[in-house]
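Pasting the structures in now, so scroll down.
There are two complexes below, and they share chain A, which is joined by chain B in the first and by chain C in the second.
Let's look at the complex of A and B:
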């Protein structure tokens, strides 16, 4: 957009037509509901699930000129052009650990998952699927364009339509997963752009990329499906659900405490509701409060609570209605906080992250171990490719990670008198111990040998050179054999040689030369 | 010479016969056993035969390598290049493009002196050269077919006003795209106001005042030509079509505004509401599109397919903060800051996900309450009356200020109902500019008829189609010549059959278009030119052209050398040896001689 010029209008157009004076009395045909569920997980992490639901009371396919208000134009065009019945796309980083985190509301596989039901008017489903995935790849900046026949399946039993459907002929279903897809900011930005309030107001203010990707689990999804417009279900509405689930590691963000607040997790607070939303709620799971009598405290105090059986479990939620002005009455912004009353001491954790090629990781933990228990400390790491000059001459041997150290004060089984430090044998006074009821031990674990991925540095050229050499050697000897002339040379022997030969001949009984 | 060799040959025959191993061993044994009985002649002869055999083998290798190896290597590593019509493409560059405008000129009784009337009907051809910078030649040819009016037509001119007369005219036989009908009315006729010489109607019809002077036909010819030209191929039209192919003095920046020719266009109307907390804006875009835009575009449907949609974007801000003007207690956007307005907004507009046609954006911006009222200033600091501006090849933006009295309320958001009539007036005039249909500028003594309901005169559409056809032809010529040049220059590029067939199709279509243009069939010519554009673009942007482009020669040789060097060196060495020996032998023989 290079140049813009103020327009001096020549009002030559005689727009004699009466103004299309339909007033704005008709009810809005689309609505937006937004919701955030905050759940403290059994492991001490916190999960946050955003849901934005845009409902559009329109038969998308039937109209020639479409007019969009809250429903994003891009997706609307996509549905009408490719006659999509249902579309489910999720982009996920990390894996939902059900053992530690409990049941998720909606799990998604790591990487990208796309499944689409086409309408039965589509003739060439595969072609539409290919084009659709290409366009989605452009919209969400994801490599969905790598979806082709090699990774597409048509499930026959699983993946039934989630919305209204006339028939479930699985011929119109396509499903693909790209496990390698890495989800990052560039996928979040277009996802946020689809929200009517963008990231300017309401719950979407919290969607700050640098915090959302600093989590153990990040899953964003788009679900489009037709739903009933009302209870009679005579006409169809389109529903767009944008969901985003993140799991915050409360320990690392909260300096070893399980307490959390909106600001600590998202580094933002909510200042206003999205004025376009008809409903805007925050739910905080306080089920454990009721079980273990008042172990946690939420502030500000919720206006109401909500009880329901969710995923086979009775849960209690504290509800905050952002559209209710009372929510913001206390202060200008809402910074939801959760504090654990019974302070659970997990000691001291010091973690200094590594810098590539500068310094290693350092993780120190002070833990009080119960008797007869097993404590496992595990650290996740990723294998990465080094720069090719950084590989050692024997890269396949592996790379060493230095052993971890365990320093412990172990209680004595028998009581001991405090000994004179100077006079005791040397072997017993290596570590100074102030209290004689315990002794000091320092243990080391084995060093860890990690196999890093090693590239084959020169394979292709080696193969070429080797083959060519073999060919050249064969060819050379063949050539020599055929073109060289072999003939007898006149034996020109020196006297010494002849003398030696004669001796040998005499031994053999052959007449001498 | 021959005699000297003959006995040697004869002697050679025998040892060649018995070359069995056993015999040779016996001979060897005899040699070792009895050195005294050694005959030097047969040994020398055998050595010579061996040598000759080696020589033959080496020659055999060399011929095999040259006759079999080289062609095999050449064939297997060759890039497939289908034949292209290079010579025809070469001719395109310097072709003659003749634009023929068929004009039927009808003289009403009394518009000409009787002497001249008797010469009718006949046809006059007027041709005009348009200078171009490139080798292509362009000629505008107006073919004026003079005839007297028929009785039906005479009757129409009995009406009182010119509009009624026009409406009463029978439908002309040739009312095709690009053709013109000009009626010459008597000099004293009251249909035209006294100071006007001619009238140009909303259809393809124009009226010209006749004359009674001597040489009336010559005088009339000039007048008619002027009218015909301003209805079809004006300088503006050619400038819009040919752009930088015209000499510099003919092109001004203003003429480069229109959108590039394309098969279709996507039009998006967006309402930007940056402050939904204060404003609840409602616009009746459905009605506006139906009443104003669709009739307008239906006239333009010759030019391309149009698809429309609208959207509302919330929290979409402009890229610049408007300046507060204390005098009028309003906010202003200065002309120099307008280019920065669009970019941040464009990120929100949404990509054209489902088609490859160019998108034209029309934005209606309702400024946030803190910045309203907002006015756009032009370069001189004056307020722009329409409060709108447009950006060439992108679209237009209009600022819609909320009536300040609406803020006298405690209930927010304020309901705002957009009055679509002024908005659509602005958008439609912007659309005319974007498509390259500027408001016609006529000489003083021309009377311009009001446009029809839809807002476009038929001959304005014709002018656009003329421009688009010429533009298409010029584009195709450029595309094809540069493609041919590129393919000719870089031998690595694979030319697949489908690319070649697209090129052939484009060449055929462009030739057809040129033929139709010179025959005056604008519609057909336009269709062919579009076909040519599609085919040539498809060929030019075919991904298969890039497949082998990134194999530079040095890397190829790095692969070849380990094989070719050890193979070629022995052959070369033995060839050199054979040549040297031959020369030596010749010298010896010369010495003997």
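Let's look at the complex of A and C:
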């Protein structure tokens, strides 16, 4: 106790100094926007995409920032300590079925995906990457600490920075996927804690683990990147986006019906916006589905509608502004209801062969695909025996190969007017697009389960015993038999015997031997 | 080994070996056969048990109630089938989609090497339809397969109905961790082969098929279902796959466990389990079942669609509904509950089925013989060619014996012989192998020529050419060595060397075969080994010749057919047997070309030439 007392005093002092030093500077502005997009999918399922965006006009990279209001301190410190330029972490359970669900707003592979751009001031990128992934592992209760050199790659073309960046030297990029990572409540809880309102108010009330994990797809992510503070782009702000995408299965929960309500999906309704948020919107996709002659009816009627070109298609959204008191005028809580009435031109190939037990293979190709064509990329591989200590405890389950990634700029079907980046809704501004004639798409394939030849692990003891016995008993004899030649020889007598025999012979009068 | 280093003792050992050779061979043969027959009896069989922890006790209750639904689907299916004439692809796709599956279809075509008379088909084209139930919150890395073959002969309409009904029920459950593929194939095994090849993106057998658009990761297990009646009295299970491969024993145990849970009547090889296992009658009944399994496994044919899955390391079994004259019948709900239970347990698997045995023999559903216990039987049999070869080797190197020793019949060997002359052996070996090659290639290659010049159909032409070459092999010149060997080395050294070579060749082949297909190895060994050991160009040669012809691979096949029907209690007349034999020959060749069965090349390229060598030995003089 006596030792601890001065330490506490020092700490207190430091804290006081820290806040005192900052109090003189101009106040740092931070803001929170929250948003929920509900999209009825072509298959009849419903996807819900939450985005929480915290923006902070602060030079986070400089050491000494200590006063955090909306921005989570734990992430802020991480950025300044490891000089992170950009950080993208996604934890996903399930697989986004593009053929039936259409394009997702936010793409992620099954399992955990982490990719980070470090600033060019970082000397030892691998060390920072290792430490960073370990810390993130602790923050999000995920097994990110299994990221090491064997599953880390440095893509040269695929993963460009999404935010402001001075240069794109890919040596400062690290990318890793853990396809086997299972996402569960323990990962959701720390993710929710990062939200300014936690799960107390606003849209985050809907994030009830019991319902979220009853879905056919669940993907949560954290994206941190620097963005322009204003139109002049002289100074930098930091943006933290927390996103969550879930897909509710129409068949199991809705008994085959396509009707939905917020309560039936989340077993919660919304009573208020997050008091800290400067903007809080719910968007419902009510665009007419061209294939089916059904219309979507939303109740209560939306306060306004919003039209935009999203993912190459013109969509209409019903907008509910939670900060607008009119939204809650009808009843005290908002319960949204939805009711139904051949030749490729390979321009760029980058292949980095694997080194056994050090790094994986990386194959990147830039391909221009003709319309309505099927492209098949196949890679030959050989199955090999691993060292026996390298097998997992369940070797017969198979070994995972990470999903492959397809990134593309797809031309828009309809012309779109350039939107104000700051003003437009968050879901349409994740990926920077140079012009409005095309939009960005990233697709992931399923992870692959490959069976390697697996020895019967109950056998090594028997095999060792048997081999040792056979070698010990047979080898020497067989070697002798095969290499020696045999011939008969009379046994020699020793000198003493011969001397004795000669004496006896002399006595007998016989000539000696 | 120390014994061999001492030349005195070596000589004594050789003498002992020569004196005791014949009794040792007889004892060994008897031991082998007795051991095999004893396999069905109590100390050598064990009770089966489920080894896989993930499939251990789960206290779930099967809730499938869609038996009536299944029958109405089946009626619709029959009506649609009658309307379209072949597999109603559009109806199947629509129905599968309506129960909430992702539906795909695959078309395939294959021209057989020659017309298949048993199934009456030559140029085959068909469509497979499959629907995938996507497991929620899983990334499609693993899947299970329920497969129903439907061909013009056996419609399996009730099985298709049950498949659809199960799909509808499974779709509404949320506990699936693996995707489930519901597959309806056309033209039974051909469709299955086409689907499997496309699923794994390989082409082994020259099948033309469209690519699969929907996949669901690595298949963990598959169950094939064949039902042709609205009610069943029992379910028969088939395990023997292509080339005698067997699924992991746990899959069979799983089926057996649910048979008991649902109180279903389950049979193996069409035989019910005997009530009292310990009694003599029970054991004999078990032996009968075991013999049937050995014959089936030795044939190397896939006995159901499951047989083709095994090649891709997918554990699979086929269930067949039997409707006999028994009084108590089970409806579709009972069968559906069994399947539901099996799939729910398979769904729990964390790894592929690997804990239990892959090599076993089954005297009944609840008892098995493991590989460690049945291998000695063939070990005893293969000891005989080894002993005989050793005897011949010693005789050929006769110099070790002092001239005054009396060795009885061994005095035949000339004193001046030393070593083995190999030149005279080249001709017979080459001729035998060439005959084998002709037997393998000519029937299929020359079918059109034969069909043009003789009044036979192609399929008949193939079988008759096969028989003609087989018989012609017996009449080949057996006196080439007289021309080739210019320096006589004694009257007997020539045939002894040839027999030595043939014995070693036979032992090697049988040893290799018995490693991957015990039944085939044992069946060939038990017939060929004694005749091979006896053959020599002196003594009662006519008797030897008859014996040798009786144990030739073709005659063994004919004998196996008679034994097979005898065990099934449906004995054959000679004429029926002959017809069945001709059919089996054609099927054997077809199986090789269509699915890659190894029995035909093994017999024609390996064992038949080896057998011809013994024939050569017999007619050496």
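Definition applied: the second predicted complex is superposed on the first by the 306 of 513 C-alpha atoms of A that agree within 3 Å, B and C clash if a C-alpha of one lies under 4 Å from a C-alpha of the other, contacts with A are read in each partner's own complex, and residues count from 1 in each chain.
Please note the rule applied: contacts are C-beta pairs under 8 Å (C-beta built on N, C-alpha and C of every residue); 3 or more make two chains touch, one makes a residue touch a chain.
Model, not experiment: these values are computed from the prediction.
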A:398 touches, of chain B and chain C: first, second, both or neither? second
First (chain B), second (chain C), both or neither touched by A:465: first
Chain B versus chain C as contact partner of A:218, first or second or both or neither: second
Which superposed partner A:276 touches (first chain B, second chain C, both, neither): first
First (chain B), second (chain C), both or neither touched by A:361: neither
More chain A residues in contact [chain B versus chain C]: B
Footprint overlap on chain A, where chain B in one structure and chain C in the other make contact: 473, 476, 480, 484, 486, 488
Contacting residues of chain A [partner chain C, same complex]: 93-95, 97, 100, 110-111, 179, 213-218, 249, 251-252, 256, 374, 378, 394-398, 400, 403, 446-451, 454, 456, 473-474, 476-478, 480-481, 484, 486, 488
List of chain B residues in touch with chain A within their complex: 28, 31, 43, 46-47, 50-51, 53-55, 57-58, 61, 268, 276-277, 282, 284-292, 294, 307-312, 314-316, 335, 338-339, 341-343, 346-348, 350-351, 353-354, 376-379, 384-386, 388-392, 394, 396, 413, 415, 417, 419-421, 424-426, 428-430, 433, 439, 450-451, 453, 455, 558-559, 562-563, 566-567, 570-571, 574
Residue ranges of chain C touching chain A (in the complex, touch as defined): 1-2, 4-5, 7, 100, 102, 134, 136-142, 171-174, 201, 211, 217-218, 313, 350-352, 354
Residue numbers on chain A that touch chain B, as the complex places them: 1-17, 19-24, 65-70, 72-74, 76-78, 81-82, 135, 138-139, 193, 196-198, 200-201, 272, 275-276, 461, 464-465, 467-469, 471-473, 475-476, 479-480, 482-488
